[in-house]
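The structures come next, written out as structure tokens.
In the two complexes that follow, chain A is the common piece, with chain B as its partner first and chain C second.
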Partner chain A sequence: MTLSSSFKTPIAIIPVLVSLIILGPVLLAIWFGVFSPSGLSWDHILNNRLLPYSLTTLFMLAVTGMLIVLIAVPLAWLISLFDFPGRKIFEWCLILPLAVPGYVLAYSWANLASVAGPIQSAFRDLTSLSARDYWFPDIFTPAGLSVILALGLFPYVYITARAAFSNQSLATLEAARSLGMSGIRLFFKVAIPAARPAIIAGLALALMEASADYGAADYLGVQTLGVGIIRAWSSYGEPTSAARLALVLIGLAFSFMLIANLAQGKSGVQQNSYRWTTPQRTQLTGLHAGLACLHCISIMLIAFGIPVLRLLWLCLENGVPRRSVFDPVISSIILASAGTAFAFICALTLVLSNHYRQRAPWITRLSAAAGYATPGAVLGLSGLFLLQMLGQSLTGIIALLLLVWIYASRFTAAGTEPLYASLTRAPASLDHAARSLRVGRISRFYRVDLPILSPGALAAGLILFVEILKELPATLMLRPFGWDTLAIRAHAYASDERLVEATLPSLLIVIAGILPVLLLSYQITRSGEALK
Partner chain B sequence: MTEQVMSYFKTILSLIFLGGLSACTPPPTESSETLTIYSARHYDSDQIIYQTFEQMHGVKVEVREANADQLLETLKAEGDNSEADLVIASDAGALWRFSDAGLTQKVSAPEIVSQIPAAYHDPDGDWFSLSRRLRLVAFDPDMFRASDLDTWGKLADPAKSGEICVRSSSNIYNLSLMSEMIARVGPDEASEWAAGIVANMARQPQGGDTDQIRAVAAGECGIAIANHYYWARLADSGVGADRAVADATRLVVPGFGDDLGAHINITGVAITKTAGNVDLALDFVSFLLSDEGQALLVEETKELPLTSQISAEAAAGDTDNIASVERSSVALSRFGENQAEAQILFDLAGWN
Partner chain C sequence: MTSNSKALRVEAISKRYGKRTVIDSVSLDLQPGEITALVGPSGAGKTTLMRLIAGMEKLDRGTIRSGDTILSTEAAHQPIEQRNIGLVFQDFALFPHLSVTGNIMFGLHTKDRAERQSITQDWIDRMRLGNRRDAFPHQLSGGEQQRVAIARAMAPEPHALLMDEPFSGLDPELRHATRQTALSVVREAGIPALFVTHDHAEALRHADQIAVLNAGTIAQSGSPDELYMKPNSLSVATALGDIQSVDTAQLPDALKAELPDVPKLFMRPEALKLDPNGQHEFKVIRANRAGTLCELTLAAGNAELVCGYILDQLPPVNTSVNVSINSHYVFSWPVSDL
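After this line comes the complex of A and B, so read on.
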């Protein structure tokens, strides 16, 4: 049974091409970093800055990762296995922070929690203490940055963990329960090990996103690699040094993906039960129900409610800026749609080709991951390189095509992961049955793979849309004339310290992102039920 | 609006149908002339400048706004194909980088140059200054007198320990200040100064200039290093709490301990090497230096005008004591030449 042999045709070229499309800009950046002559400041960066940047980044990633797991996994467990007042609302609400860009979350929380912000001002007024007389958690620190990033990124793990908990093979959980296991032991001994691949996949995405962050870290004054990369470019005037520092980030992403891959391979849990189901939810009552509810509300407020309401407040208090935001709304939606379409096709091609050819999918996953971990600004530089090769000016269609290409290079990983998750959740026996029945390739695609893929496909599309909507540096660098997006408008105000004016475009990004996120929640809920 | 939507859809359609093929087609020809500006400024009021100029000259103005270093790489990548006619940047060092990369052209425009005060000329004639930006100190008057802080050197004095709030060293305003410091006193003394500032910091560098001024009003530090217009915007704010911050602080423009003037930066404009219509580009520069242009440049930004007779107080709020400060004789181009060294010295001094 050699399905792969039927692919020894020109079609086999397609996944290779797609990999090249995604990897192209990353390889260009690597080539640029490795082979361009060193700038004058490179030695200084290497000797004096690389270590502190790397240590800060690793610390930030470790704390962010820990916080994400601590926030997301218990939440997913609570929502999947228990019933309590408001559970149905929290179930979808908890994904909303995905719609808030990290830099917007940083602006808002920094505005609230800084020494001159309303919280500390009120505290001083109440106590008549001076700003030097008391300790207050400082958001402008690596730890503060980690909290901000974790608040914005925990939904990645919440989504994957919830899907895993909701669709655990009934047999496993029933067996565990019939053996008298319950509560916390069930969580640690059965649920976590089974959901581990899903949790790690979500965490890998979240941490790659965190390592490529520039906006939040820069605003909070934390010297991460992402900040160092931009500093190498803007302060020293050396894009080469920026590309070299980006190599470290790409290396980090490779290690995340390798770890994720190892974790998934080692667990090797082959789901072979058809009885997919949402486990029977335990009804919580009294104090327990109240605590569960309070826990969800607190996280919702901290990650979404308070920062967004603060923006809304600033916006209403100060009135809207005089420049119309109509065009940026349209540009944002069109660019995000075009980018999503292209990145989605790339992701689907990679996932399916690996699926059919049964080759190690990790190679293509790594190539997608490399793009995902490369800062947008560095990929933007690659885009300018391509422009130079084409001998064109950055206008019209050329600029749009380049931008959409860079989007695909940067974000395809965000699309492949949900698709892989769908495929690996399906029992392998389904696939074996299709093969032994000699179902044709096309027929197999329509009758077996498509239904399995569709929830993952919707998730992939929606995550891509929201990610591209929030994207800033590459869009700033490559957009054609007159294509300001909401993110660009928010950045323009914020970079000039006019947070108040930045609130309207920031809010609109959140609003434009909420709809897809709601669709995503709905789909996750529904697919959980449909799989019963 | 519908027309705009239609044009978006047309673009999208052509994107889908033409794809890569369109790489070979020339851009659509416009009936009217176009002035293309690459601007590192992001002010809403700049839109009015462009619209006013469009109406005055019956031309179309196209603008790409991005950070200066990004615009520089874009211009390099576009090479001779670039449509850019002008580059606007809010820092002399940034403009120097454009001219250093050979992306600008020298233009003989004696009428324009004669309007600009000598201290604000680019010695190489590669670009023109448009407006002034002062780096200064906002302080708590209950703790300090202006005479305690009237030189940059006094800020590094151990007596100011734990009092200084300042933003990150990679910010262009700090880099340009340090670049001038290096030009005046040399790298060794400049390093010592930076180390002194670091030793006196009330907290790790964070946020923007406005955040530093707010921190003084909130009592976290006694001294904030900031550009003047951030203070002026607080003073002119519609929000009472912002005006209270300005009321609680005083300004002083530090010198360098000599009589050679203060550190003042500029917003300026350069004509690109690829400029299609140099005369039109010069018309635009002239417009920016006219009373109307100067008023539009500084109205929202609170920068200080360069040539115009319009009232500096109107531009900078209640900051009349700073509007008359003289710029030093250190060439503006040094801000760019020394910038990488400035960052290295900051890094070594531990100024994050």
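After this line comes the complex of A and C, so read on.
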């Protein structure tokens, strides 16, 4: 007779170790922020900079949030409940702005809206006014930054709101109609309140991303906390002051993460794509159809078409030397591949451990979210501290390894999402079924888990690769000399007023970014249309 | 398949979750070739008991053995993958990435290639899945998925088969045929089989043995006939069919005289018989067809009783009918057992 005692194996430790790897840089940043002795510049920052940084950040977040809701919610309502020419195309291409990092949008729109740019030139040509005779909105302001970030981040809310509207039981809307409610009132009294948790969840994630922004704010000269952190490090040379400043930003980002999670729990929309029923859409005709179509096209053009085409135009018109991006492309591919591989293994470990253990340690559920919520600039600081502690300079392989670790800490969460999504196909009974057929742990991994995870694994890899490719602040702080990535090169050229040279690396990032966005929208649309 | 003909014995097992005892000293004997139905109200511990036998949970006390092999004791727990017990899940749990053939073949990894293929082919034929062999689970109907799940569990010749509400997900018209196929396969294999159900007709019709679980203990086990005709408690009687409680004080005196002298009685619908020579006169309150039987609500004294008959014609409402009592279907239990 074969008897095996309790199955507590060392394997159970691995997910906890992975969680600690992910949490390490976050905890380190907090620890340094709280405990390290304050540097010389801290008094100056505390007295003169902290309040402006914080107020600017809060103002920027408030305006960005408002703009995102104004853009995304009506759009989602239009796409979910009405039919008009081009709806099917808009449905997925409205997610495309996610492919453009905020800083790239900022470069392009700053150029478009500048005094010498095409918009103002055309305006002057038409009106024969001179540049001093009229007022034109200035993009190099907190409000300008908000517009840019809202254009890049509104798809977060568009996706969740659309899911909520499509998922809202048709019966609820029909019940409201039968009670005499229609049009605008139906929208505000029934649809919006029911979709509110989903909208809040999407918005909180978008604002978390906005608070982590460094590239766009820096380029537009807006003094947000993210910019302040990097300034404290680069101008004052005092990472400890930066770490104190980072505490404020960590608090902010964690609050958003918490809100997103709480709201997501209430929305009950996320996981189950099977209940996704498409409501009968109202057919729009004539003027209404035209307006709906125009609305979608305008948003697409402003958030994606015009800025990307402008960069393309600048790039082609001025003939950017292609040799100049060879090295950054190689560096980007090496760093992004290494980061993807590491983050993917972390994500896979966490997903499997949470899927197959009823009592997964809390740390495995918390860690990825905490890493994701922590801005790149803050994680970059942790990397610098570690480098200091190890007595290493910014030149060697150690810095590269640390950077890869930081990537994993920041982006593992992005990799877990698609993996969890593919596991929804696999109820826990599947593992029991395999075990009852006398298949051991190792072979269950490659005979059951891997095949079921493989579609999600592709998406996870792609998303991780592009997220890391786009990453700016942590890379800026930790990359060794000679390891400029595309994002770094774009940022450096743009900051040096050499926008034309920044176009090619920017465009390459956008092109790479379109791939996972297309995959994402394909999956969303497919799950939307699956199962009546 | 006589080599697998081992009894599965559950001996006084208990399971606690925290302070709550979910399974309390349960014993059950599953004989080779016999099908046992596990019934009981929801929350009685049916699924937990099944999970304990399957090895998905560890027990706190008692022993589970298959033949001479000890599967579980409080000290030792043979992992699920070493038990060789076939499982059929309520949601079927087919592998979504494998075809019908792949699913059935999944547990045959210890056999060589030729044997694997011939066993799989055999099950595909027996389960009439020949034209669906390359289909994937999401392309199959509920009945087909169920047949694949049974074939997958049976192909490796398990020592026992456990099924958790295996037929509840199927349409009523499919359920009967699928159940027939499944259970005949199990009977042929000559292994002990246990299925959880909340459908008492299903349990009565198909099981050789029924065990009624109530609040974590076996209230009664035995043959379907024994349990239906001689339930030892209200919970057992309720688990196996309709039953109504009657306040004896409300009944007319003539009727009372024929019945046990207790304050509360329990009657199955069969207890009252329409009988032209019957001694008792009842008024018809309601009369409906309910499938094979007609359901009549009859009143006498202050009591209203529901009864079932096979009738060609429903008696008109408010008329009187003569009735006799069939005391086989009248039960009384000590108050402490209610």
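One rule holds in what follows: the second predicted complex is superposed on the first by the 341 of 532 C-alpha atoms of A that agree within 3 Å, B and C clash if a C-alpha of one lies under 4 Å from a C-alpha of the other, contacts with A are read in each partner's own complex, and residues count from 1 in each chain.
The working rule: contacts are C-beta pairs under 8 Å (C-beta built on N, C-alpha and C of every residue); 3 or more make two chains touch, one makes a residue touch a chain.
A quick note: this is a predicted structure, and the numbers were derived from the prediction, not measured.
In the superposition on chain A, contact is made by A:Ile452 with chain C only, not with chain B.
In the superposition on chain A, A:Ser36 makes contact with neither chain B nor chain C.
Of the two partner chains, chain B is the only one touched by A:Val115; chain C is not. Judged by the touch definition given at the top, the superposed model places A:Ser443 against chain C, while chain B stays out of reach.
Of the two partner chains placed by the overlay, only chain C lies in contact with A:His432; chain B stays clear of it. In the superposition on chain A, contact is made by A:Trp233 with chain B only, not with chain C.
In the superposition on chain A, A:Ser54 makes contact with neither chain B nor chain C.
When the shared chain is aligned, chain B comes close enough to touch A:Arg132, but chain C does not. In the superposed model, B is the one of chain B and chain C that contacts more residues of chain A.
Residues 40-41, 44, 48-49, 110, 114-116, 120-121, 124, 130-132, 138, 140-141, 218-221, 223, 227, 230-231, 233-239, 317-319, 321-323, 326-327, 330-331, 334, 338, 377, 380-381, 384-385, 387-388, 390-398, 400-401, 404, 476-477, 481-482, 484, 488, 491-493, 495-497, 500-501 of chain A touch chain B in their complex. Listing the residues of chain A that touch chain C in their complex gives 1-7, 425-427, 429-430, 432-440, 443, 447-448, 451-452, 454. Within the complex formed with chain A, the residues of chain B that make contact are 1, 4-5, 8, 11-12, 14-15, 18-20, 22-23, 27-28, 36, 42-44, 47, 62-70, 73-74, 76-79, 81-83, 97, 167-168, 170, 172, 175, 203-211, 214-215, 217-220, 230, 238-239, 245, 339-340, 342-344, 347-348, 352.
By the touch criterion stated above, chain C contacts chain A in their complex at residues 54-56, 58, 68-70, 75-87, 89, 91, 93-98, 106-107, 109-110, 152-153, 156, 158.
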